[in-house]
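Order as written gives the chain letters A, B, C and D; numbering starts at 1 within each chain.
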Amino acid sequence: MTAKDHLAAPSPPDEDDPRSRRAADLAVALEDARDPIARRDFIARMGAAIALAGLGACTRAPRDEIIPYVVQPPEVTPGVPRFYATASTLEGYALGLLVESHEGRPTKVEGNPRHPASLGAAGAFEQASVLSLYDPTRARAVTERGSVVAWSRLEEALTEGTWTSAAGDGLHFLLEPTSSPAIAAVLADVRARLPRAVVSFHSPLMPQNQWEGALIAFGRVLEPRLALERADVVVALDADFLTTGPARLRLARAFADRRSTLDAMIRLYSVEALYTVTGAAADHRLRVRAGEVLAIAAALASAVGLPNLPAGVPAALAAPAEPHRAFIEAAARDLAAHRGRSVVIAGHAQPPEVHALAHAINAALDNLGATVTLAPSPIVAAGDMAHDTAMLASALDAGAVDTLVICGTNVTYASPADQAFTELLGRARQTAYLGLHEDETSARCTFMIPEAHALESWGDTRAFDGTTSIVQPLIDPLFGGRTALEVLSLFSGADRARGMIARKTPYDLVRAHFHDDLPPGATRDFEQRWRRALKLGIVEGTAIDPIEARVDWAGLAKRLARTAPAPPPAIELVIRPDPRVYDGRFASNAWLLELPAPVTNLTWTNAATLSTETADMLGIETGDELELRASGEIVNAPALVVPGQATDTIGLTLGWGRSRGATLAHGRGANAFALAAGTALSPISVDLHKTGRRHDLALTQRHHHLEGRDEDILHHATLEEHRRAGARHDAATTKRRLTLYDKSPRAGTHQWGMAIDLTRCTGCGACVVACQAENNVPTVGPDAVFLGRAMHWLRIDTYFVGAPEAPEIAPQPMLCQHCEMAPCEYVCPVNATVHSDDGLNEMVYNRCVGTRFCSNNCPYKVRRFNWFDFHRGEDATRELAHNPDVTVRQRGVMEKCTFCVQRLREHDIRERQGRATKPPETACQQTCPSRAIVFGDLSDAAAEVTRLRGDDRAYAVLDELATEPRVRYLARIKNPNPELP
Amino acid sequence: MHGAADLRVNLFPAYANQIYWLAIGGAAAAIVGTPAALIAWARTPYATGQGEPPDQPIKFDHRHHVRDDGITCEYCHGGAARSSKAGIPATSVCVNCHSQIWTTSPELAEVRRSYFANEPIRWKRVNALPDFVFFDHSAHVNKGVGCVTCHGRIDRMGQVYQARPLTMRWCLECHRAPEEHLRPLDKVTDMEWTPDRPQEELGRELRASLGVRSIVECSGCHR
Amino acid sequence: MRDVIIAELDSPERAVQAARSVRALGYRRVEAFTPFPIPELEDVLGVRRTRLPYLVFFAGLSGAALALLVQWWTNAVDYPIDVGGRPKSSLPTDMLIVFETTVLLAALTAFAAVLVGSRLPRLHDPLFDLPGFERTSLDRFWILIGDAYDDDADVLDEALDLLDGELARLGAVVTRARLPEGRA
Amino acid sequence: MSAAASVPPRARADVDPPVLEHEGSHMELTDELLDKVLQPPRWMRPALVVTFLGSLVLFAAIAYTVTTGIGVWGNNIPVAWAFGITNFVWWIGIGHAGTFISAFLLLLEQQWRTSINRFAEAMTLFAVMQAGLFPLLHMGRPWFFYWLIPYPNTMKVWPQFRSALTWDVAAVMTYFTVSLLFWYLGLVPDLAVVRDRARERWRRRVYAIFALGWRGSAHDWQRWRIGYGLLGGIATPLVVSVHSIVSSDFAIANLPGWHSLVFPPYFVAGAIYSGFAMVLTLMIPARRLYRVEHVITTRHLDSMAKMLLVTGWIVIYSYVIEAWSAWYSGDRFEMYTTLVMRPFGPYAFVYWTVIACNCVTPQLFWWRRARRSAAVLWIASLFVQVGMWAERFMLIVTSQARDFLPSSWRVYRPTVIDGTLLFGTIAFFLFLFLLFLRFVPFIPIAELKELKHRIAVEREDGARA
């Protein structure tokens, strides 16, 4: 109980320094949390034991404690959460966030509606970041060769190298790609003082190819910004733009907006090897090997026609396999028919030439400036040599590195095996590693510096379009972590000048750079602007304007002429970022580990995916262990058959097979980095054979075929079919209902309901994590998932529609349908699940005795059971992530989606006191990047949800059971090109 | 075997019947009585935790502060009107006054220690609800439910104790018929208020004017 | 204390005959003790048919009423809850528990009535002091004549002689015993 | 009491063998039957020890389940009920034969019931005890079981009587209570017999306590007869109601494969079928070990076998009707579950086990020789029990494993604990049953004497005619 209650703390008088305040908050919170947890656990178990012994009468719970503040901060009212704007960063690109804080304890992350990359949405990574914050396995102390040392010792060691007198010769920095103006300024400062120091950036998934592609096409590093809202036809060349890339949430939103506008529906062609979310959303999907995409791009360019290209597209290049011709030509015609309203997108994994060709096609179709604009990258030194670690590797190899400072990038693990950083790091005299965990890299480094989590840090960062956000901490570093900014500033002149002790804090640094970056004359309002930036979560007017760029046709022609299509390997290994652990950095996050991967519904591991045909050919079944051999390395991975993957490819995602720094994921899955060569994502040849061992894959869904139940479960149609039908989608199934029951409407002022637009839903899984974070949904581990005990209140069902080898994948979010005539309720013997006046199917955990009859009678199987005490043994730190407004469920009780009833009741209370500001949102709706989920009041005729319920496409799942769900689905409509079958 | 044993006399003396009946009656009484006793026990103040003040780190006396000094409830428990939690005052709130008066009182040593050491005072919770109950002070205080209705005569408590059973049954009694317990908003903190006209009439009016609902659906309190 | 005559017979048929004779001689307080039920004997002795079935019937009825009342009152009156939009009180679903409770109360009553009607349970019984009584549960059949020596019995003293003769004819072993008042 | 009309047993196969082959006196019969209790056979002690140890394993498994969580079972979502409920239905079904034999056949005045009714009733009691364990155990929070009972609580919340589980509580508790009363009332005169016949005074005293002071007067016997008859009359509809209610745990749900109006009679027939099998399983060895073939005669075997055949056919009919109504409903979910999933799905082997054990096995009993062979009957009875357990597993698990949304389809696999609980209850059941054989006259003495008397009368009447 105490975790939800009065986590209050003393505070220093300086209210301007939220950091120290929150530090104190947390110290108390931690201490406070620890004791009651032990107690509660004890009571729960003893309660059971004693009740069984019939002695319940003789015990009483010990008293709880209430721990008030010493000085209550004026803005805090215990019990009322506060929201702070900040930003998270991935690959250097920012995503604006609003974070909910309960008495100094961040509990929930939402997207910032004002932020250009978020538009109010957040993805699974961001939703789960709050759990990473409270990860008890994070690094906790500065260590030197494994033993704890003082920070001053580290400062001394790092700043006293031989290079101090040699202008930085021998000093190397390895950073994550960053867009932070403050870091850029500190780096500039460092460079000024130590000109020979070398700064490199490393991330296995940097958009290096994109930058190079722009360099080929335009002669300079530019990033395309897509305006899908203006596009009618999109061709994605191995581009999973809906779930990857810095603008993924924005693009998902724009795409969905244009999908659900049936009168002007966007059409998407996707060419890809593995089955991605974007491929699932596509109207036409061409499955080809990743290495073939270049040929397809060239052929597409050739079919569209590049009049400005001297000598045209080389025929040798534009020679795709014959069966793909029809697709390419149809796409080309469609593109050509939509000049200025179409766009070709190249995927990050594709070589620069594909990007260049995409630019060329866009230019040829007058799409530049219309559906795609170009702008310089906000990333520091984008496209620069600094982004190539080869230089660092050779310096290390040559013994030219004295001191290497690695900030935030787990380079030892997250590098292709041919860049032997594991071994190379030892060649530097001393290495320091700033990381969240003591991981593979820290094991090779002299110093380990615990890193502050983004939610603990001051900093700044820029969105894909350059919009700057101030990163503000919600809590003081739990484990004394430092930021990259702090570490780098050790080397900056500004600090040295004032002596090491009087170092600037990151807060000062960020404020200073904010000050410096203000337009001239604006510094007068510095405080006001600073506060406004913090409040809004963005610094207005910092976006980088797009520029006009002309294609360097001659350069392109030259480059294309030089490009020789590589002969395809017999079996191609396609390595891609993982939708859950990305490149391994989230492998310590249980929410992400247990998040079913889109398309495959696989949890807790990666797998060597292969198409039905390849599996049949090789005699492989899902669960067989495969030995993969590539680049001279061997890795074992379980096989997973994914219909619709390109034949003769093996897909493997990055980030698994961790050995250190991710306790939960150790030994799970296969390390794709070990097989990669060159850049992590380039396709390579792979040999494989079965080892004979079998794996129990923790799949949340085992059966993907609809068994002819499409009309009952998932309505899908092409735009044409939909128009032809000209009737409501539920017209076919809705029959005149005869009932004995009194169907008078329920009494509540609001009547909550939901509409889920399957045309919008991409199945990305952000809602699943959002729900988990909001509702204290436990994770259960791979064994339990395998047994069928995953706890997600909201799951994404994935159905295969169409041809069994290359089906269309249709995701369907499935959650409690809040049936008007709920079948679960009348079978509960103790009134533990009943209906509220406002139409919610309520689940009363404390009344539940766990007969599970409700689950049996739920046709949607959305009820979850606490088979064990899943929260038991949770670390005290981990408990801080709990939402204090939601009960933490004991073992033996059912749970399920409540429509975020805690938010609804809070809203009711506020509304009735005249304090309600806006209609309540469910967590899934709030985070959904494509706005597929709409929740609202059905008794409000003007509400969006009411409108959607009246839509032609609306239908109820399993309508014929007369459960009358409050959740309606909108049929999944596709917009195929009539030219193509 | 036949006839070998002593078969003549009664196996038991006459008084054994009384013992037998007593035993059977006792067993029957136990079968019926044990649950009945437990049911009754659950309603005792002991079981509900009423009436027993815990040992607090400071002997804070509401009688003195409320009655003698006339400090209103909101001065210290200001969250009640805006938040789900009424809030326990920060040490600084104590110090507001106690930096002026009783500055050296040994009774207040803990307050000073807390303030200067920047360590919170660890109070014992008196009115404890289970983890799965979400009570909202603001929803009650702003709808005419007086402090005294749930907390009792705090102004007469030397040490605060739980005045009401705080069982679900007790909550529901009011939730089903809120009009029986409503008072004008300006009397919410008044410990001594009594209705100046029949509560039925007043309650009905207040219920209408304040828009008080009878919330008996589960998610009203259990989420 | 009063005196009784006990006639021990060795077969059910003779017991019935003996009882018939005894009754014919005008004795009214006659009881039989047998190892197993002999309905014929009951008729001969004029054992009044027990009213147990009526008792059981009313117990059953009250069980039904109680169950109906409890279900209706708890689910429709005291705390009516919206359960899946179903009616608050629903006779069809109530009927099952109504039936079970009917049976339960009827059965408990039947069991209790059998015992209480026979003044059971008990550990001590003056009858057990009668020598050879234990054989009545095994293979002997007793006819016990309670009013043989009663002054107020409207039976002629001569009957006693006739009785002796009759019983002797049936091969009964006749003994005279004393029993406390009020029994048998 | 002439033996002139007696026909040597087995001499004429086309005539029903006699229900009692005892020619001695009442005292001899009494002593013979009492001997089982007063002079227990030598195998009794080791058998008790073995089954007691088995019971301990059961209690350990129960303790583990209750302290750790239902997660130690193999259940999942969608298969939220599996072994636990299967065992429950199986055990409670077994119990039905006892009541059926003693109550229903009592009303029908079937003489062959007499020698085996107590035996069958005891089996009922102990089977219901095993059954009663499972609903409790399978709850997530068994320590709150009393929330299913309406009592005035401080939460002011009541049970929800639309749920079949509240009906179950009433049904199982009533069933157990009524069975106990019925059994005990029948037992009282026999306890008095032991009281009056045992040698040692302490033993007589102990039995006297349980005999409740039974005297056997004509008045007592009349009350006893009528009371016993009434209990029988009450128990007969009860036995039908209990399994009907148990079947409604499934039938009131909307799950394909459960949502079926045919369930109540289907379950009752199956229950009696499995119960008769259990009676045979226990009776055949007991009869042999205790050498009471003249009391529990070939006639009993023959009648029981016929009952197996009859109830077996009712069960077959139910299977056919179930499949037919699934097809006739036109409901694609129902059709899939009943016509595709069960015979051809991942649990097909269970389905075919059911068909083999429940439908094929009883066909043996068209042949008299099979009916009258103890060995054949015993083995067949085991098959039927396996089949009936498998049937419940099939109904419960396969229906859940694949319901409406293919996305939630999932196979259930039992764990060691699941198996331990099943076999543990079998051990515990046998333990209780052995205790019963050890301490209680398991063949009703008074009733048998009455039967003997009646047979004698009939014979005389027959001879006179």
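Structural remarks
By our rule, a residue touches a chain if its C-beta (ideal position, glycine included) is under 8 Å from a C-beta of that chain, and two chains touch if they have at least 3 such contacts.
If you're wondering where the values come from, they're calculated on a predicted model, not measured in any experiment.
A comparison of the A-C and A-B interfaces places the larger number of contacting C-beta pairs at A-B.
Of all chains shown, the one whose average CA position lies nearest the global CA mean is A. When you average the Cα atoms of each chain and compare centres, the chain farthest from chain A turns out to be C.
Work out the mean CA point of chain A and of chain C, and you get 81 Å between them. The mean-CA centres of chain A and chain B are about 46 angstrom from one another, to the nearest whole unit. Chain B and chain C have Cα centroids lying 56 Å from one another.
Under the contact definition stated at the top, the residues of chain D that touch 2 or more other chains are 27, 155-160, 162, 166, 195-197, 208-209.
In chain A, 823, 826, 828, 831, 834, 836-837, 847 are the positions where the chain touches two or more neighbouring chains simultaneously.
Within chain C, contacts with two or more other chains are made by residues 79, 81-83, 86, 121-125, 134.
The part of chain A that touches chain C in the complex is made up of residues 741-743, 746, 819-826, 828, 831, 834-837. Those residues of chain A that touch chain B in the shared complex are 1, 4-6, 8-10, 12, 24, 28, 40, 56-57, 60-61, 63-72, 77-80, 834, 836-837, 840, 842, 844-847, 885-888, 898, 901-902, 904-905, 909, 912-913. Residue ranges on chain C touching chain D, taken from their complex, read 11-12, 31-39, 41-42, 45, 47, 49-50, 52-53, 56, 60, 67, 70-71, 74-75, 78-79, 81, 83, 86, 90, 93-94, 96-97, 99-101, 103-104, 106-108, 110-111, 113-115, 117-118, 120-125, 127, 134-139, 184.
Against chain B, in their complex, chain C makes its touches with residues 79, 82, 121-126, 128-129, 131-132, 134.
Interface residues of chain B facing chain D in the complex, by the touch rule stated above, are 1-2, 4-7, 11-12, 20, 35, 39, 42-43, 48, 165, 167-170, 172.
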